[in-house]
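Take a look at the structures listed below.
Common to both upcoming complexes is subunit A, partnered first by subunit B, then by subunit C.
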Partner chain A sequence: MTLIDRTSPDTRSPGRETPEVPPRARARRPGRWSYPLVFASPGLLVYVCFVLAPILLAFGYSLTNADLFHPDAEFIGAHNYTTLLSDDAFLRSLRVTTTLTLIIVVLPNVGGIAVALLLDRPSRLYKALRSVFFVPVVLSSVVVSVVWMALLSDDGLINTLLRGLGATSPPGWLSDPDLALCTIGFVISWQMLGFCSVVYLAGLQGVPKELLESAAIDGAGPWLRFRTVTWPMLAPAMTLNTVMLLITGFKAYDHVQVLTAGGPGLGTTSTIAFDVIQTGFTENRTGLSSAMAILMLVIVAVVSSLVLQLLKRREVDL
Partner chain B sequence: MRKALRPGALALLLIAACAPVGSGGYGSNASAGGAKEVSFLVFETPNLTPDYWDTAIKRVTDAHPDIKVKKIVAPSAGERTAYAKQLLASGQLPDVMQAVAPSGFAESGHLYAWSEKELAAYQYPGSNPLGGKIYQLPYNTQPTPLVYYNKKLFARAGITDPPRTYAELLATAAKLKAKDINPFVVGGGGKDAFAAAYPWIALVGADVYRERPDFLVRRRAGEARFSDPLFVRATQKLADLVKKGYIDKAGLSRDYPSTEKAFLDGKGAMYPMGSWFAASVDAKELPFGIGVFAWPTDDGTTVVPAYTGGGPIVNAHAKNLEAAKTFALAFNQNTANNDVLVKTDAAIIAIKGYRPPTMGPVYQDTLKVLRSGKVVNAFTVETGDDALLPGMSDKVFAIAQQIVAGKTDGAQAAELLDQEWAKAGGR
Partner chain C sequence: MTPLRPYVRPLVALLVTSAFFLPLYLVLANVFKHGPDITASPASPPVPPTLDNLTEALTRPDRLFWNGLINSVMVTLLSIVILTVVSAMLGHYVARTRSGFGRIALLVLLAGLMIPPQVILVPVTEVLDATHLMGTIGGLVLFNVGYYVPFGVFVFSGFVRTIPIELEEAAAMDGSGRFGTFWRVVFPLLRPATASVLIFLGVWIWNDFLNPLIILGPAGGTTVTVGVYRSIGQFQRDFGGMFGLMFLATLPILVFYLVLQKHFVKGLTGGAVKG
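Let's turn to the complex of A and B:
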């Protein structure tokens, strides 16, 4: 209060010199950012300690030949990065991750819209069904994987049913190297279906009924109404779902660990996230695994931003 | 307003400063009553249940009331060594770790090397040396694998005796197949990829280590390669078994417990598995008898791949090192604990003067096979200077899956192993 009184123009007498503000008092003046900084500091502290610092540390490690058992490593510049970009195993992991992400982006998006359209009804039954579809989302990925592993094993329910229906040699869902990746993609998609459905349901609630009614009056059938009214209005929901699914796909680890542990065979279902752990904690190559993690971070950031921009553009066109 | 904010900001800083960061975790502390705390990393299997560990720990702490034990359970049996590495990386290496491979930990100075005096009680005190020192108590011998077989299915196929030579093994498999019986149950699904490698481990023991017991030492020195004809020939035998349909590829969808269940449910006649399997069999009332034989060699000589070790390793930097050492030795040499381990995990205790409790017929047969043959290292299980390079055993398991899936032959598998060896930093 005293500070404001001293410097306020209202308190100055005309013709008198402005009294000098003592330097100590000036230093105490709250800056423009002081209050926001104080209020944001708990969040900032958590962010710096648990997000920013680990990323910076990982980047630091990625420029060294750090070994889990010998942390005092030598600086080797970008050697880890050049090694990875010419390493068949890493490029294979990149391919596996990309394929898995594509499956995970497409299946729950398509299934989510279908389920949302089916559940977009006012009755209590459908409201209850919405909860049923959402249950897998809140379950632990490990639990989901263990259940699906039991279902998909050769003695599991699915192949037993197929045998009952006359199949002599049912597919090796998890044991066939050519099929295992698709199976993992399906399991993750199944778990994410509820999330997508809920987001699309929320989107459907925002579609103005008048537009649908006027389209119907103009003679549009259900498909035309969906294509020209509902689908464009679902653009924000699709943006959210797609970005979330992209991130889920790129960081897929727990399903892979439980269902196939990166196999069957060398790296047939080994994602980058899985490889990071293997390289770091089985092969003890901390520097190399840090470089993998940083590359993954860059890839996820770039792809997510590109997709976000692309989908946002569609939203703007509405 | 500013004055009001100042204490808040100060409090925040204090909270941040006091927050536990980094170390701590599983570190030992002196607990209430003066007892010294020791953290102990264990792992659970169908045989080694939570109750087994709790009771075994209590027996030791009852005898040593000055020691208090904090049990830490690894996420899975197969991941216990990787988990210990994660704990090390976060400054939480437990004080005592059960059956964790010492390689890497020992060379970097994290493990306590047992003295001759401390090892005097063991039958094979020189097992698995690393740089001439012993870091893991060698208290348990595990043949890995032997071949357990379903006597009823053998009888149905008209087989009266287990095979003694490799040619007889092939004939046995052919007879079983002709009767529409799956000859081998092999697992290896999910996180239990290791189970896919048991026939390969048996073949390497019978055909490679028998000829060249120091094969991996020579491989480390760059004097031998996996693509050497001897190793390729052994590996091709596995690929041929798959090609002939004697190994069911469907096993790759089964994790370890499901694989055991498949064999016990009669879904195959032969089950290459470690000696611990005898415990599950003897504990059950099965509608068929189970026999055991060593994986046959070409000329009929009995060769048993086995590993003696599996005991605790101790963190050299444990806060209560003496308590940790005392606990490890006492846990390991407690007769009641070992009796239970024999009953639950068919352990073959390698401690001088130890007499196992009365056990079932499959355990007794397992002992007979072990004593009847030439003992060689068990490929991928070695933990001393003759071990695979870090991370290589997982590659072996993955390549075993490829062979069992019918995607890779012996030469390709050996070539892949050499490539992975080079990537792991080997010569």
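Let's turn to the complex of A and C:
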């Protein structure tokens, strides 16, 4: 049977749903709906219940004034959205999120390329060092934040050390309103660095050695070789990293909650994700927090697909 | 290739890596030190080492660590096993079907890859309330399955496409149904994808903070990750006690990572090379 099938592939029509089966086998098979029903429906059902329906529900809530004092929510149209877009606190969380995301996209990308170039050697030493960089990726962001809190709080280990060295007023890494957001950005970048460098290392494996050698023979120095050969070949890795980091930045919550709880001062580190949870669960303002959530979703979707398009086009151009 | 002296690169690599690892070293060293020694000389190695911080975390009267461990293990294991089964089958469906519905399903699922959990948590708690699953392990597991199924489908559907359909046709000809064909012929071939899914989802779900914090709530107990967060306030300046608990909470996932390191990198780089 197999032999016949292999020697006459032209008998197979390309667009057909099910493979040809002998009548007996076909008779045993249940109806044509059983395959999607058994294979697709369990996953899709749970996805619809816990992701799709909640998004629709959130959109519905966002058009109401639902909160603790209005158990019977009334429809108020786009009122929540107009409130938010002229609300200083919300605009501040937008700014905070943008700044944080920029830090998180830039630092691990740059650091990741540097580390990848440094460790791109086959020996055992470098392999061991690579896994050291990956450890924070595996740790929970709560643990990472607590580690850094023990180091960076006002009487933490770093400032104890600085005072020991004679500094009278060491920086308030997490208590200075001008500094705290950068500190959080740094901590998240430290955690993501290993992820980026592993992806860049994989990208470096794809750079043909012959290209680098012929460039060297033509007299190109290390920098020129990097600019003209390695850099363009790293474009796909950079796309993956950048999109991953963008999403990490937009949904930054855990580090903020543990390190600063949105402070110091008035919401200086309160990201949109943090704001959504505060408004929704601490203040119980379901309607308003749902509007924030929908805006957040729109921003994430628009920005990450735009960036993805841009980076993909760059991959082709290079 | 470069005119650097041969010892420069290893030296720089070692220095940079040490600087990067310093925070973790400080925790590791101080897990095995007494409280006063930690603040007096945070950077010194723990000689002689003490196990007091670990026994303190293990013998807390509120059993924070042990209860958290049981919850974490149950949530993580149940979630990743169900996710593997469900997303392998769904991944097979979207990879093999030619129906328009399948194509739409794949698009809708892929869009789910970038939905931040904060966006859906308020309504999710209402869905769980309505089904009396709020505050239960089952509720958290179901949410995890829904939230992470896009990742599973993404990995499995990509991998199913690399498996020749002739294999399934041959099995069908031998009289095997689609269900049997999938589990006996296709699924064993998907082992690398299964490894990726199990490893990544295992780490993510173990480390999840916000979802268990809200879905399990104070009533449903905590996971170890949430336990670390809940204990921050109690410890204030007791670094030793905090580090001890953190060390124990991290140990299982760290061992998991060290054992399966190779698959981690493979899972990541598979995506990177394809772009």
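Here, the second predicted complex is superposed on the first by the 273 of 318 C-alpha atoms of A that agree within 3 Å, B and C clash if a C-alpha of one lies under 4 Å from a C-alpha of the other, contacts with A are read in each partner's own complex, and residues count from 1 in each chain.
Everything below uses one rule, namely that a residue touches a chain if its C-beta (ideal position, glycine included) is under 8 Å from a C-beta of that chain, and two chains touch if they have at least 3 such contacts.
Computed from a predicted model, the values in this text were never measured in an experiment.
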Contacts of A:P108 with subunit B and subunit C, given as first, second, both or neither: neither
Partner chain in contact with A:G185 - subunit B first, subunit C second, else both or neither: neither
First (subunit B), second (subunit C), both or neither touched by A:A301: second
Which superposed partner A:H70 touches (first subunit B, second subunit C, both, neither): first
First, second, both or neither for A:L52, with subunit B first and subunit C second: second
Touched partner set for A:G249, first subunit B, second subunit C, both or neither: neither
Subunit B versus subunit C as contact partner of A:Q278, first or second or both or neither: first
First, second, both or neither for A:A261, with subunit B first and subunit C second: first
First (subunit B), second (subunit C), both or neither touched by A:P42: both
Touch count on subunit A, higher of subunit B and subunit C: C
On subunit A, positions contacted by subunit B and by subunit C: 28, 30, 35, 38, 42, 49, 149, 155, 257-258, 277, 280-281, 286
Subunit A contact footprint on subunit C (complex, rising order): 1-2, 9-10, 12-14, 16-17, 20-21, 23-24, 26-27, 39, 42-43, 86-87, 89-90, 92-94, 97-99, 101-102, 105, 108-109, 111-112, 114-124, 126-127, 142-143, 145-147, 149-150, 152-153, 165, 168-170, 172-173, 175, 177-179, 182, 203, 206-210, 214, 225-226, 228-229, 232, 237, 239, 242-243, 246, 249-250, 253-254, 257-258, 261, 264-265, 268-269, 271-275
Complex contacts: residues of subunit A adjacent to subunit C: 1-2, 5, 15, 17-22, 24-25, 28-30, 34-36, 38-40, 42-44, 46-47, 49-55, 57-58, 61, 115, 118-119, 121, 125-126, 129, 131-136, 138-143, 146-151, 155, 157, 160-161, 190, 193, 195, 198-199, 201-203, 205-206, 212, 216, 222, 236-237, 239-240, 247, 250-251, 253-254, 257-258, 273, 276-277, 280-281, 286, 289-290, 293-294, 296-297, 300-301, 304, 315
Subunit A-facing residues of subunit B, complex: 2, 5, 8-9, 12, 16, 21, 82, 85-86, 88-89, 104-105, 107-108, 110, 188-193, 196, 248-255, 258, 262, 267, 390-391, 394-395, 397-399, 401-402, 404-405, 407-408, 416, 420, 423-424
Subunit B partner contacts - residues on subunit A that touch it in the complex: 28, 30, 35, 38, 41-42, 45, 49, 68-70, 87, 89, 149, 152-156, 172-177, 257-267, 277-284, 286
